[in-house]
Amino acid sequence: MRRVIGILLANPLSLLGVVLVALVVLGAVFADFLAPFPEHRGAVVDFLNFNRPPEWPYIFGTDLVGRDLFSRILYAYRISLMLGVVVLAIAVPIGVTIGLLAGYLGGVWEYLLMRLTDVFLSIPPLVLAMSIMGLLEPTLINGMLAVTAMWWPWYTRLVYTITRGEKEEGYVLAAEVIGASRSHVMFREILPNCVPAVITKMTLDLGFVILIASSLSFLGLGVQPPTPDLGSMVAEGADYLPDSWWLTVFPGLAILVAVFGFNLVGDALRDILGAER
Amino acid sequence: MTDPVLALHDLRLAFKGFTGTTEVLHGLSLSIDRGERVALVGESGSGKSVTARIVLGLIQEMRGAKVSGRLRFQGQDLDRLPKRARHGLRGTAMSMIFQDPTSSLNPAYRIGTQFREVLARGTPGITAEAATARATALLDEVAIPQPDRVLAAYPFQLSGGMNQRVMIAMALANEPALLIADEPGTALDVTVQAQTLRLMRRVVEQHGTAVLFISHNLGVVREFADRTYVIYRGRIVEHGPTEAVFHTPGHPYTRALMAAQPRITGGGVPEIAERDAQYGDPMVVHPTGAAAGAGA
Amino acid sequence: MNRVVKTASAALLATTMLTAALPAAAQTVLRLDEVPVGELDPAKATDNADSILMFNAYDTLVLPAQGGPGHVPHLAESWEIDGNTFTFTLRDGVTFHSGNPMTAEDVVFSIERTRALGQGFAFLFTIVESVEAVDTRTVRITLSEPYTPFIASLVRLPIVDRQAVMANLGPGDGEMGDWGAAYLSGMSAGTGAYRVVAHNPQDETVLERNPDYFLPIAQGAPDRVRLRYGLEAATVRTLLTRGEHDITSQWLPPEVLRALANGGAQILSESGTGAFYIKLNTTKPPLDDVNCRRALAAAYDYETGLRITQVTDDWAQGRPSTGAIPVGMFGSNPAEETLSRDMDAARDHLAACRYDPADHTLEISWIAEVPIEERFALLMQANFAELGFDSEIVRVPWALFTERVSSPETTPHISQIFSNAQTGDPDTLLYPMYHSSTHGTWQSPEHLDDAEVDRLLVEGRTAATPEAREAAYAALNDRLMEVAATIYAFDRNSLFAANPRVTAPALSDPAYAFGLDGMGFSFRLMDIAE
Amino acid sequence: MQAVLRVLLKRLGTSVIVLIGVSMLIFAIARVIPGDPARIALGPNATAEQVEQLRTALHLDQPIAVQYLEFLRDLGQGDLGMSLYTNRPVAQDIAQFLPATLELIFVAGALMILIGLPLGMIAARYRGRWPDDLVRVIAMLGVSAPSFVWAVVLMLVFAFFLPIFPVAGRLAEGFDVPTVTGFLTVDSLLAGDPAAFVSTLHHIALPAFALALSGIGQAARLTRANMVETYDRPYVEMARSYGWPEHRIATRYAFKPSLIPSLTIIGLDFAAMLGNAFLVEAVFAWPGLSRYGVEVILRKDLNAIVGTVLVISAAFLIVNIIVDLLTAVINPRIRYSERAK
């Protein structure tokens, strides 16, 4: 572990990633203390100060009803991260379990489970999430549901591939020979070998969940106002380009910074853990 | 004429890493005469493979690698040679064959294609027909039954032994003065390996090619080499005519190595004590001239 | 390799020069945009985009008079009204785009087709009891009940080329098949000053001038029109700035219009037919108490609301409201008697209300497709908080909104609606909103049930003379203010940014305004400077 | 070639099964929505009686399994029902809007391959040195922002501040290209109108690039990773031992073997593009199926949603079959799998 951290900090790019992720996470966690206008995360209007360019005390400017963009971005990070964590917390166990089952059991199970996975994979992810969000009511919970529905198959594929490889390895055969149960082999023998790849993917995916969620919001299918959300901010601001550029530029940058940070860290982890597939 | 094909003098190699510089070779000296077959024996990690790659100049291209000492090839000082000229020696004047024949051939191209490219190194602008004819002849020489079928095949369609022969044929295609063989055939079946080695020996004799033979397998070395260098942790600990080294091993490490060697020629890394104070003993040198003919 | 590159670059150069050398189109092209989709079928058309298409590709029996009330002859030369019977004499010598002459049969067919398909503005013609072609130039329409503004309804009846449709019936139930729906979805079969040459309901409709139009077309009117759908605000902004666009839709946010105006665009407008309504659900506590509704109506900050719509010093997308009926319509109050915020009155009303604001959370909805409504929602939230009402803001997509308002229980406390008189007559604005028989539509989230309002609405549509109608609507106006089912936030003033090269009197000079949304976009009346 | 054919047949079979699964999935989602599709369909002024009639006409009063079978039967006849959004048959809408989207995606895919692969090669070739880091940053930035952000940025920079590209649409005014394939680039060439062809390229450049950016990043990273792995293979060392120049080793020895795993993933990236096209088409007013998809989803236009998702999935599966076939053609292992056995 210390080695991992050491290598992370040694490379300037991955160091940058660690710093960006730290900024995003700290900003989200301590938004209550860092935001100059914490009440602006909700339904507040200040028509005296609406649509202001960046100037003190509104360092990122204000939106069309006079709310501080910087404060809203911090709270938007909070929602995005929460969404990412929840989505992965549901999608990863489901995806990993199905992948293990399909890869290890083989036969009919493999065929059925992998075709099911294919069904989900052959609807472009955003289209699937959009369909779900469009048909259900756009709420935070449904958003998580939609993104989870599009996410688990990727873990299934990943774990399936690894499991198929590991299944033939000596240690698995050895465990089978001494009469270990199937679940023991799957979860105690094979699963640990999937962990580096899964962790790497999860780091990368935290960024991508933010990305997808913002894309959904951009289309009006994500988290609903007045809850701050980066994608909706960009979408709403885009109408006012280029004059009120801050409405789009800062939330857009905020997405970029978060996803870029998680990508850098995930990429570095992949190199270090050798989880390249 | 009197120059050895290859002469290494006080060769040192160090890698720069995060934690500082690590020296891997500590002043290694070695020479090979024309047509002579010389073995470099040691366990994995002893520095024998990097030595081979230094001769080809591959290590020098790596970042963080620092090579010092003198490298003379056919009387030329390799380090003083311009980069292009140095590069030009590869595949023509010196060539190398690798441990795993199947994975050393490019899976995306047919054998014939790869062969033609090798021939084009020696004879730029060689026609397809001439290349095929030459390749067929070379494959014939390494006892490959249907050369045209092999030329049309992809490496994964051939057996390991077959690929090994292809590699030998390719390595000799441009009549190099020096052939470096890095653990040839270790990945192969024992009997196949023995066959291939006998074949290789015959062919290099016919071509008068000098060979630097790198191996951990003493049995193989004894069959193949005229002279043997034993390497331990980046240092030569013993050298002399192969028979002399085997009959009267002088260095404690060599003795340990031989004791660990299974009687029958076989694969597997010998299991010997990781470290022993005695292994630091000075180098043992057997007189050369006396036993020179014994191996031939 | 090199030769390939050379050849390719030579080809590229040649084609670039070709593009550059392309002569400036001899034709004048007018480019404008609307929200998708453009519906070409006269029996289905309803939206603004559809209206623009209808008013140009088709003609109607009458047209609204420019600059004042009433209607003038168009395809009908004259008409007589006898109780519930309307007899029209058609203009002679009018031909459809196909070359077929326009006759009474076509008028009959148009009404029958609209009623048969039951979509679009068919509801305006459900009261038609019979329609018959007396001779080729005479049509008689009989209504099943008195309906004075029927002439106004006729501006929503584009006359369709019967022969052309009959020759192109698609498969469907019955002998009329699909009534030509497939055919008319991509083709114009009217008499209009422009005819459709290409139509992609999501992308654009291209129209070109009809050289055989029965009225003279202004010399400077565009030869060709491209009506594009679904351009983003930023795209329109860029296009107009680059001189690649002529008239924007009315849906641009005020900030964008301001930027365009500052960049040299002219502002065109259409007004007087509708308003922005904040609708209170009169069946849900605490808003089932009229005093609570009056409190909200008094607490709403009309001035700030108008400021949200402000584009420049001269232009705003809203005009001060004077009451339930927009200024310029039958029964409206004088323009200077504007509504304004009165917190003292609000508190007095609240005191009279039987509910305690602390016990209720108001649900304020806004339509997802109309982002500016979010600002009004936030404004109301702040305003009503001063009275002690907590509120939550919900964003509702249009489709879901129409679903939610169908029952009083699911209708939010407060909804926001932009609405217009669909025929230009107050009846089509107010009746669908307030008559107790029309509950459960997007226009009537108040679920108002007031006998007096019902009575006045019926009087308005049946009174025989304009004076009597005026009186009825004035009384209705007062009654509506009394029941306070709606907060009349502002009268709507649709603004369009336009390229200065466009002259459109119907959109810039009140003396030429039609008083019907979209009719100002009659391209034949425009002038495009080269 | 027999092996390639076998791959094709196997993939087609699987695709049909998957498509049936997709249709069931999307059909199920479409039927559990809150709200009555018949009421939504009829719009604001419909009576309860009309709603009931339409419910019967749409089979909404029957069990969902029956509804699905009805749907399949209609589908078999190419009938996807009517769209509430355009008031036209969904099949007609899709036929009109699909080519624009496919054209956009193909051009973006070409950009992805033409830019992404070389970038990846450069990075792998100079592994650990500045070009590697630079490519890594570029690739990662491309992946790190949603394509709608890039679309907006590109439009602002190259159409507003530097007006060198058109803002919207597929073809400049004044051109009239008869529709043959629906791909304007192809149609303009078929019409023998090079100026129109240039105009179509001019119009498609920005949206395609915005769409391709994340794909370029993915392709570059993937190619780099695969090539780095290939560089560690013995045959590359063998190639070096024969003294090939590095650029030749990169293009000939390392690239082709690493292209094979890359191709599969590039096929998957098409899926992402089909989705991202939803965002880019909105910004550039590209009259494609994705934009149609957004509109129908926002309007809960069930028939159109089901139709659009089915067609997009089918397109995705077809692209993947093509990629599999390409892989089979490039990869001698698959091509000669029979002989190897």
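Order of writing sets the labels: A, B, C and D. Residues in every chain begin at 1.
One rule holds for everything that comes next: a contact is a pair of C-beta atoms (placed from the backbone, for glycine too) under 8 Å apart; a residue touches a chain by one contact, two chains touch by 3 or more.
The shown structure was predicted, so the numbers you read here are calculated from the model rather than taken from an experiment.
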Completion exercise
For chain C and chain D, the touch-path distance in steps comes out at 1
Completion exercise
Max Cα-centre separation from chain C goes to chain B
Practice task
Kindly work out which chain lies most centrally, taking the average of its C-alpha atoms as its position.
Solution key: D
Completion exercise
Leading the contact tally is the pair A-D
Exercise for the section: Give, as an integer number of Å, the spacing between the C-alpha centres of chain D and chain B. Expected result: 51
Completion exercise
For the pair chain A and chain D, the C-alpha centroid-to-centroid distance in angstrom is 22
Practice task
List the centre-to-centre spacing of chain A and chain C in whole Å, with centres computed as mean CA coordinates.
Solution key: 43
Handout entry: Two or more partner chains touched - positions in chain D
Key = 152, 156, 160, 282-283, 298, 300
Practice task
Specify, in ascending order, the residues of chain C that touch 2 or more different other chains.
Solution key: 232, 234, 368, 397, 400
Fill in the blank from the handout: For chain B, residue numbers touching 2 or more other chains are none
Exercise for the section: Spell out the residues on chain B that touch chain D in their complex, using ranges where they run on. Expected result: 56, 58, 61, 63, 87-92, 95-96, 98-100, 103-110, 117-118, 121, 154, 156-157, 167
Handout entry: Residues on chain D engaged by chain B in the complex (per definition of touch)
Key = 128-129, 233-235, 237-245, 253, 256-257, 260, 330-333, 336, 339-340
Completion exercise
Contacts from chain D onto chain C in the complex sit at residues 35-36, 39-40, 43-45, 50, 85-89, 93, 96-97, 152, 155-156, 159-160, 163, 166-169, 172-174, 194-195, 197-199, 282-285, 287, 291-292, 295, 298-300
Practice task
Quick one: which bits of chain A touch chain D in the complex? Just the residue numbers, please.
Solution key: 13, 115-116, 118-128, 130-137, 207, 211, 214-215, 218-221, 231, 234-235, 238, 241-242, 248, 252, 255-256, 259-260, 263-264, 267, 276
Handout entry: Residue ranges of chain C in contact with chain A within the complex
Key = 232-234, 237, 252-253, 255-256, 259, 304, 307-308, 368, 371, 374-375, 377-379, 381-382, 393-395, 397, 400
